[in-house]
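In this document, chain identifiers A, B, C, D and E correspond to the written order of the chains, with residue numbering beginning at 1 in each.
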Amino acid sequence: MTNEELKVSVSALYPAITFDETGEFLNAISSVAEFRSVMKTLRHNKELEFDFLFCLTCIDWKTHLMMVYHLMSKTHKHVLVLKVKLDDTKDPQIESVADIWKTAIFHEREVFDLFGVNFKNHPDMRRILLDESWDGFPLRKNYVDENMISI
Amino acid sequence: MAETEKMIFPAQLHQTADGGIVVSKLDDIINWARSNSLWPLVFGTSCCAIEMMSAADAKYDWSRFGFEVARATPRQADLIIVAGTIVMKMAPVLKRLYDQMPDPKYVIAMGACTISGGPFFYNTYSVVKGVDHVIPVDVYIPGCPPRPEALLHAMITLQEKIKNETYFGPSKTIEK
Amino acid sequence: MSLILDIGFAPFASGVHNWVYGMFGNTTIAMIVEMVIAGLSLLVFLVPLCFFLGYMERKVAAFMQMRLGPNRVGPHGSLQIVADTVKLLLKEGLTPDGSDKFLFNLAPIIVVITSMLVLAPIAFAKNFQIWDMSIGVLYVSSISSISVIGILMAGWSSYNKYSLLGAMRSGAQIVSYELSIGLSLISIVILTGSLRMSDIVMSQQNGWWLFKGHIPVIISFVIFIVASTAEINRAPFDLAEAEQELTAGFHTEYSGMKFAMFLLAEYINLFVVSAIAATLFLGGWMPFHIGSWEAFNHIMDFVPSSLWFMGKTFLIIFIIMWFRWTFPRLRVDQLLNLEWKYLLPISMVNILLVTVMAIMGWHF
Amino acid sequence: MFLKDYIGTVYKSSKSLLKGMKLTGYYFSHPKKILTEEYPDNRATLKMADRFRGEVVMPHDENNEHRCTGCQACEIACPNGTIKIITKQELQPDGKKKKAIDTFVYHLELCTMCNLCVVACPSDAIAMAQTFEHSVYDKKQLKKTLNKPGSKIMEGVE
Amino acid sequence: MSLLGAPEVTEDGEFIINIGPQHPSTHGVLHLKVWLDGEMIKKVQPHLGYIHRSIEKMSESLSYRNFIFATSRMDYLSAHINNEACALTVEKGLQIEAPPRAQVIRIIMAELTRLSSHQLWWGCTGLDLGAVSPFFFAFREREAIMEIMEETCGARLTQNYMVPGGVMYDIHPNFQNRVKTVLKQIKENFKEYDQLLTGNVIFEGRTKGVGYLSPEDAISYGCTGPTARGSGVSCDIRKWFPYDGYEKVQFEEILGTGGDCYSRYMVRMAEMKQSVYIIEQLIDNIPEGDFQAKTKNVIKLPKGEFYQRVETARGELGVYIVSDGAASPYRIKYRSPNFSNLSALEHMATGAKIGDLVAIMATIDLVIPDVDR
């Protein structure tokens, strides 16, 4: 499906989703409340069938966090970027998608580790790269580390 | 490298009327044995480990020096070549491995990351800025990663350091 | 030089024997003294032998892998192993906390002693044998399996999980492979009709069993080589110390001198199994003879018997080393499959064939 | 049928094993195929590739003059702060003051030999050398000053 | 060595061993906590982060020219391809394209890298399975490739040859001849690889039917590269989203059928041949012209998000740059192939034996610094 067709079929299912077409891929922005059902539909809908979650990450925009899911369909060969805005930077929470795409188990742990986003219903929510005792979330823009030397 | 000629055995032949007596110092023999039998611990964390493997391969072949007996367990190793970045999470493990090695033990810091954090010195939150903060280092080789020949050079440099040690009495210091 | 060796050996052995028994009226004391002398001379013989085997192993490996191998310590690197040994002797010997200290220190000694015990009935040259007992073959197969006790002890007492796993693997391995070793030895015993090593060697005067025993003996020879490689824990059967799986297996916690003893035992074991194979299948110190070629046989006789023995032994050692530097390691279940599905049934059928052959007198 | 399979398996397995042994045996018996270069003994003939990057050097000519203007382009180009240039104001013969380098500090222990400084240099003052034998006992010796004592900038290099 | 000293036995009598962080089979510093029942693996839990070097954080403060060098240290066996991915992403942001000559050089270099990476993998697979000799046979050809790399790029392993807009300097005059001789040698030596390992009965026994990964699981776990292709999942970015002119060369995407270690092994072996084939097509047809497109001294990407996917030797590498218009990226995410491939390890290894765990890790071909970044 082309980006345009994707846009039509996704917005037919979820009219609340907004789109942004500046980049290479079609960006869809969903709300936290709707997020889980959107993801389920994207995975299981026969026309969309996004079976391959190839990138899962987060961006810290200082005022809010943005979860970014890069989805691809192996059968239909189309790509969709789903974004979710998390307004609460103190204790950001979002539903886990680890049961839909197993690759999310590791990727969500990484986001938790580096950004502090809490994934609800994740099977094993622990830090993955850093020590359990690590203080703070290093990829946040407001992270300070006195050991860090800048040029 | 002061001497490149092969030392067969650290001894002189003392000529007597009928034949000769081989004379040697115990210190020399001990140092000869230790310096020629450096068994490294298999310890590579990143890119330098590949060059360490290259040093073992047929082209560079560190077995010529008797280094090829790479041991997977620290108990049987004499030398730890820290080949790669050491991060905060790894540092206690490295320390522990070093402590598990029996004396005498030596450390070579291979590559920029190991010596000082190298490419990851600035703006990183998790890298140990120099492995000498964790364990004492005998020889440093800069490079990112150093060539296999550079590693061999470092090992020869280490051999020279060992040859100047004394088993009985104070240790000599050498400049390099 | 080699001539001196050959002429010198036999009179030397009997000379020492007569001298000791003449010196001491009491036979008990004389026997003890003779045992000590034999033990010491074995040690004197074994240490250089192990040096050589270590050197050989490294050089064989190097040449098979297109590299030079040790060449800087001593002429052509021949003193490399000496340096290694001196270093290991002077290295700190650690006993880990939590280990069973007594067993931990005892294990390497047991391993070395058992492997040295097996040397007793081996005929190194004509009339040069430490103890020509009437149950030679039985003795060999029973003593050689004791070494696993040392390995189990080492693994259990180290208080290390890798060691324990390695020891358990070794136990399973030796228990299984002991069977095929026994069966392949029996085929020669059936043909010879004696368990005595000297009888077995003498029975090969007209030709080695490998050549005159037809196909069944060749099969048991192959089985013996494979099974004994497994019994001495050498690659591809080195599961007990599988470096990539268990770091160093049962000797993970051993360092310095104690580790050197395991290495020593490994090389003695290698020598022993090769020597047994050479004795049983390749005629021990017997020179190579071809039926009625008198001139040829005469030339062969001129080569000293000790050289014949060593030559054959080292040929088999080389083959075992060749295995090591070629094959990947087996997995535990493959190891047991190989024994129980292939080696054991084949050797059982083989025994049947050998028995029929011996009864019918089909061998030469 | 079972027996046929069984013997077939034994035959095939033994054949595959012998194939491997044939290869290693071949190399064992052909010592000419040995590839080893004996490093410390071949130092006389050992030549690195022209572009090989061993360390950063600052070539000086016979008058002890270099081409570095102290523009700090390399310092900016370096991704990990390997180069520190300390500049001074030098009095020109015509009375004007001009920026010149005081010390060109080069941290060999940090350097990744990425060549970005050499590419960035507008006056070709620095280059990559082919040396690689840098092993030392003391880390401090890896901090180097590239401009030789008493050196000055070449005429005409701006 | 075990990180936690005391023997741990769970209530069910399961034996817990810690493989790593320093262990010969983990190819780096990976810590696997393994629950064992005898030799049988009940559960594997990978613990990462022993080489987490915060490359993503570091890149946020580096300029677009400078951040490339750090990616060589991620997957150091595909250093070229990593650099290429970064350069391509920056080029995408600048909306420029490397000149044709640079593109062809990039492909040749990338395929040489893939070849050398697979050779190292082949040697290490042998080593992991207990055969030492393959290691030396593999390094024989690898050294020849390294020499070519050194001659043209100036370094053996972390070449740093790619710059935004092309390559750093032109190929060495000897390059073409040397590549051709090395390729000839490599093609001959593929036979030796087969003799030594591929047909070996022990090797087949240790890899066939071991570590099965179904195509559905491979996709779900986000596996890419030979790990997924061994299960028959088509995922070659060079075919799906061609970059740098891969659409102009002919090659096959190798797909396995078994989904086991042997299948992954065969995929890599066949991929090596494909790489040789690709280089053979291009080596005589390097177009004349510039090797670098003109770029400004200080590169500034426009505001926006840029995502570039490339095929490294281990799978799909994604470089995701979020730019706010400044001279350094606002956020960089490297979607590394090994991170996703490793997550499937637990699934593959459950129910296998310890020896199988080593075989599985060998055929996933992990590079731990790429996992941790």
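In this section, a residue touches a chain if its C-beta (ideal position, glycine included) is under 8 Å from a C-beta of that chain, and two chains touch if they have at least 3 such contacts.
As the structure is a prediction and not an experimental result, all values here were calculated from the model.
Chains making contact with subunit C as well as with subunit E: B, D. When chain centres are set by their Cα atoms, the one at the greatest distance from subunit A is C. Farthest chain from subunit E (centres taken as the mean of C-alpha atoms): C. With each centre defined as the average position of its C-alpha atoms, the distance from subunit A to subunit C rounds to 64 Å.
Per-chain CA centroids place subunit B at a distance of 21 Å from subunit D.
Rounded to whole angstrom units, the spacing between the C-alpha centres of subunit A and subunit E is 25.
Taking each chain's centre as the average of its CA atoms, subunit C and subunit D sit 50 Å apart.
Within subunit B, the positions touching two or more other chains are listed as 57-59, 61, 64, 72-73, 89, 100, 119-126, 144, 147. Multi-chain contact residues of subunit C, defined as those touching 2 or more other chains: 64-68, 71, 243-244, 247, 325-327.
In subunit D, the residues that touch at least two other chains are 17, 20, 23-24, 34-36, 38, 79-81, 112-113. Contacting chain pairs (ordered by label): A-B, A-E, B-C, B-D, B-E, C-D, C-E, D-E. Looking at the complex, you find that subunit E touches subunit B at residues 1, 3, 21-24, 28-29, 49-55, 57-58, 60-62, 69-70, 72-73, 76-77, 120, 135-136, 139-140, 142-143, 146, 156-158, 368-369. Of all residues in subunit C, those touching subunit D in their complex are 60, 63-68, 71, 322-323, 325-327, 342, 346.
The part of subunit C that touches subunit B in the complex is made up of residues 58, 62, 65-75, 77, 79-80, 82-88, 90-94, 243-244, 247-248, 251-256, 259.
By the touch criterion given at the top, residues 41-47, 49-51, 53-54, 57-59, 72-74, 84-85, 87, 89-90, 93, 96-97, 100, 113, 119-120, 122-127, 144-145, 147 of subunit B touch subunit E in their complex. Remark: subunit D residues 12-13, 16-17, 19-20, 22-24, 35, 48-53, 77-79, 112-116, 119, 128 touch subunit E in the complex.
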